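First subunit A sits with subunit B, and in the next complex the same chain sits with subunit C.
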Partner chain A sequence: MARYALMTSGIGFLILLIALPLTAIFTQAYQGGMAAFWEAVSSPEAVFSLRYTLTLAAATTAINGVMGTLVAYVLARYDFRGKSIIDSLVDLPIAIPASVTGFTLLLLYGPVGTIGGPLSDAGIRIMFSFPGILVAHLFMTFPYVVRAVGPVLQDSDRGEEEAAQMLGASGFGVFRHVTFPAIQSALIVGSIFTFARSLGEFGATIMVSGNLALRTQTAPLFIFSEFNAGNIEAASAMSVVLVLISFVLFFGLKFATGKLTLGRAPQ
Partner chain B sequence: MSASRILTVLALGVIIAISLTTFWDLARQSSGRTLTIYGYSAMEEPLKNEVIPAFQEWYRQTHGEEVEIVTSFAGSGHIFNQIRAGAPAQVAIFATEIEPTKLMEDGLITTDWRTFPDNGTFALTVAVILTRDGNPQNIKSFDDLGNNGVDVLIPDPTTSGGAQWAILALYGSAFLNDTGIPSEGGTEPAAKLLKRVINNASSLPESARKALTQFGLGYGDALLTYENDALVDIAKGLDYEIIMPQSTISIEPKVVIIDANVGEEDAALVGEFMDFLWGAEAQEAMAKHHFRVVDQTVFQRHAADFQEVASSFTIDDLGGWDEASVQVIEGAWREAQRD
Partner chain C sequence: MTSAITLRNLSKRFPDPRRPDGWFTAVENVDLDLGPEEFLTMVGPSGCGKSTVLRVISGLESPTSGDIFIAGERVNLLSPKDRNIGFMFQGYALFKHMTVAENIGFGLKLRKVPSAKRRRRVDDLISLVGLEGLEARRPRQLSGGQQQRVALARALAPEPRLLLLDEPFGAVDAKVRQKLRVDMKKLQRELKVPTLLVTHDQREALELGDRVVVMNHGRFEQISTPADVYDNPQTEFVARFIGRTNVFQTVLEKDHSILPKGTRLNVMVRPEDVLVNALSGPSEPQPQTPTLVGTITDYSFLGRTVRLEITLTNGTLCTVALPKGDALKKKLGLGGLVTLEIAACHAFLQGNGANSSNGSGNQEATRSDVSDKVASP
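Entry: the complex of A and B
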């Protein structure tokens, strides 16, 4: 009996909290029928924003996949003064309001900023263009790969790496044949979380992108603009597309990694 | 290869293909003539749907060349911050004169918009009250928005130009008498009205357009907004009623050139676009989208679409922007919020 009570309350809560609002989006999006839905998501602005978002997410994942693994490796393998401070820095992007990240970057890289000033004198503009949004996304998603890969590296036996080294393997050889296979699954989990988070990033993006339709407008910004303009149908339709992509991602994650426990991924 | 590996490779392939083609498109876009326009929310429909396509067509016929127009629309305060932070806007349309004034102080604007026709206003509107069908709360005036139990939606003046106008409308309706001069009671009745209205405000959305969307979702009994925005929703067949107060403020948006972002090669294009805004075609389009346009011939053709305004006052009656923004928006409204 207790089992059913627990199951009902647990799953009931999940449905109320997550499934119900999602269902509402679907209903909203299909209110005008399939043709209206298709029209909403196939406008040039909508198609562009979706492609732009996917591209950003891919670039973000590629860079943070590599750099996150590097940072996790450094934190797991080396001891140095101030390590715990660096370690805490990694998680900060989760706690800092996205808007703070946005305006900080805007100030730093803007025409009057420490970095942006000299760059803008040289005619290079980072904000309101792909590189600026990418920097924001790299910042916002940084913890995911580090926190997925880190514990695996910590748990894995350093002896194996040392043995390979003694048997004559090069540094890269050790990474390629010993370290990488151990962290592969964790890296996939971290990457998917990174990708998904980047896909939905809004708070920092709205500040640094300039929200230019067909230029720098990501899918979440498209939704925001359409909602503000009163085009609830278009906003809901794009939301449905993003929800579906995320669902496929997380479902695919389970499929691709098979036995992998999701407990390792950061929340 | 296992099924999961094939799927992973396929997914990666698709994502890489999308990324490469997007970059390709972005690279291709940046060649050719481009004009970047930022506008406050209410400008989105008339500009995107009519004025810009008409200008592009005119440009093609006149110069035998294509011009690409990039746009971004949001609340006045938001586009102001973006432009100040370096957004590439070349032409910007603000709901109020506060933002252009600051941009001029920053040196981003060097051409005074007051040298343009009509002081830089190519289309006007007025502040009105939008209620549900049948006006169940029997709201007749700005003063009634302070009545007990009226749930009022008003945008946030820190980000919304529409909100600043709305607050000035409230304030002016209590501060000025019917002939447009300060009434004997001084500023006290106006401050009191702001206080009563803010106590009734259930939400302060960041733009006038967002406030309208919220109203459409069923929030609030009354919305203090632009007449043109209200007419957009009425035209959509929504069951609202526009209440035109006895005396309201005449709203004058400003179009400006962000000179810092206009290179020598773009100056002519920007000038042509500015002229186009005052031309018959753009004026007709703005009137169709519920603005009270400055071209009187065009306006007369559409006069029947608008309610008559018994008496209207302007920002100058409240001492001009410099004084009004300090006294009313940063002064009286802030104080009303704090109490």
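Entry: the complex of A and C
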């Protein structure tokens, strides 16, 4: 009896919390039929915001994939003064509220900011444009690759790298043939998290982008703006698109982690 | 002929903030010459610096001072990848994501050996180490002994001018280890590749080495043939570390040619160098030679030999080993009274080294064999 009560409450909570809202979005989006849905997502504003978001997420993932791996490598392989401080700094973006991050970046890189001011005088605009939003996204998603790759590097056998060296591998050869294959799965997982996080980023983005339709409006901002304007169909249609992309990423992640457990031998 | 490896005054220090001078000396002023086809084993307790010697030769660590020559060429500044050394790591460090064949062929691939030739060489090596049929396996699908063979084949594949083996049998169980040792020695003879093997197991060192280096606290205590290291230990450490030995603290009763009366000595006696006889009766005459008398307080049957623990009349314990047949013939049994004679021994000055109270020249004195004139323990 207690078992059923536990099961019903557990699964019920899950349905109420996650499945129900998703269903609501889907039913809302399809209320006007397929044609209305298509019309809502193929408007120039919708197409732009979606492409803008995907480009941003791709760029963010590429940069943080490389830099995150680099930082993880440095933290795993070198000892230096203040390492623990640097190490905890990595996680800070998760702890800081997104809007605060956006505000901070605005103060620094904005037209009257410490760095943004002189740059603005030189005709370079960072805020309210792609680079500014990219910086915000890089900041917000930085921990994911570092934290996915770091433990694998820490656990990995230094001996394998040294063995490759003794067999004639150069520094890059060692990375390519030994280090990279070891961290590959973890890097994919970290990258998927980075991409997904960037895709949905709202709080910092709205601060630094200015939310300008057809110029700096990302898909989450599009949903927000359309909803505010009373355009529920467009908002829910875009929501459905984002949810579908998330599903794809989610299954990609499942696949990658499945490979991860397969690829790592139980010692 | 030029030596395969020559080490001159080689030292390696690591920073260690816990020490007063801030440094830990892993290897201190060692010299070594490894013959062109020689199998040299290096043995010592863990932490004595033997693995560091290998790592410095390989280039994975750079020496603090001194020179390394490989086949006459000074390699101090040469990077590990250019030294052409086959290195077998403790725990093997096989590439987990590669198959057996890919592991073995890795060094050849880096040297851009054409794939057909590479495959032939890999096949040759696979049959050489007896891994046929396992080419497509990954390291985790192999037993410890098989992994060891892959590591050896991988190290040999690029035809290195030198083979360095760091505890190559450490990760396999005792039964397999014996077979691998025999195979390793045979293979080394066959390939004639100069080899330096590091181990903490003195039996392994004696069995495999043409010569043995005994190492302690970063220094080479003795470099000699296995028989010489066992029979003529040059230092007290070697005597204690290689084989079993009884240590008796004694005082010289008579003046010796080079040592004055009253000198405190540690006398080392191998268990097999003690002759035991049953003391048949209390009235048995035992003239001239000062004979030791004791009681057998422990009797262990070890197959071909028997090991006895004998408590001497003054309470000192002495371990004796003798062939099983002798023990039966002499009717030696637990509780029996026996006489002991020491056939051979080595003596070393007590407190040799730092706390030695003797003047200069004690090094020579400690090394002298005083087996004939030692007072009873």
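Criterion: the second predicted complex is superposed on the first by the 244 of 267 C-alpha atoms of A that agree within 3 Å, B and C clash if a C-alpha of one lies under 4 Å from a C-alpha of the other, contacts with A are read in each partner's own complex, and residues count from 1 in each chain.
Note that in this section contacts are C-beta pairs under 8 Å (C-beta built on N, C-alpha and C of every residue); 3 or more make two chains touch, one makes a residue touch a chain.
Just so we're clear, the structure is a prediction, and the values are computed from it rather than from any experiment.
Superposition note: with subunit A as the common reference, subunit B and subunit C can be accommodated side by side. Contacts of A:165 after superposition: subunit C is touched, whereas subunit B is not reached. Using the contact criterion defined above for the overlaid structures, shared-chain residue A:210 touches subunit B, although it does not reach subunit C.
Of the two partners subunit B and subunit C, it is B that touches the larger number of subunit A residues.
Contacts of A:59 after superposition on the shared chain: subunit B is touched, whereas subunit C is not.
The superposition of the two structures on chain A yields an angle of 160 degrees at the Cα centre of subunit A, opening toward subunit B and subunit C, reported in steps of 10.
Once the two complexes are overlaid on the shared chain, A:254 sits clear of subunit B and of subunit C alike. When both complexes are overlaid on chain A, the residue A:77 reaches neither subunit B nor subunit C. In the superposition on chain A, A:177 makes contact with subunit C only, while subunit B stays out of contact range.
Aligning both complexes on chain A leaves subunit B and subunit C separated at their closest CA atoms by 16 Å. Of all residues in subunit C, only 58, 60, 80-87, 89-97, 106-107, 110-111, 138-140, 154-155, 158 touch subunit A in the complex they form. Against subunit A, in their complex, subunit B makes its touches with residues 4, 7-8, 11, 15-16, 18-19, 21-23, 25-26, 29, 36, 41, 44-45, 70-74, 82, 85-88, 207, 209-210, 212-213, 216-217, 232-233. Interface residues of subunit A, counted against subunit C in their complex, comprise 157, 159-160, 162-170, 173, 177-178, 181-182, 263, 265-266.
Interface residues of subunit A facing subunit B in the complex, by the touch rule stated above, are 48, 51-52, 54-55, 58-59, 106-107, 110-111, 116, 120, 125, 127-128, 130, 210-215, 225, 227-230, 232, 252, 255-256, 258.
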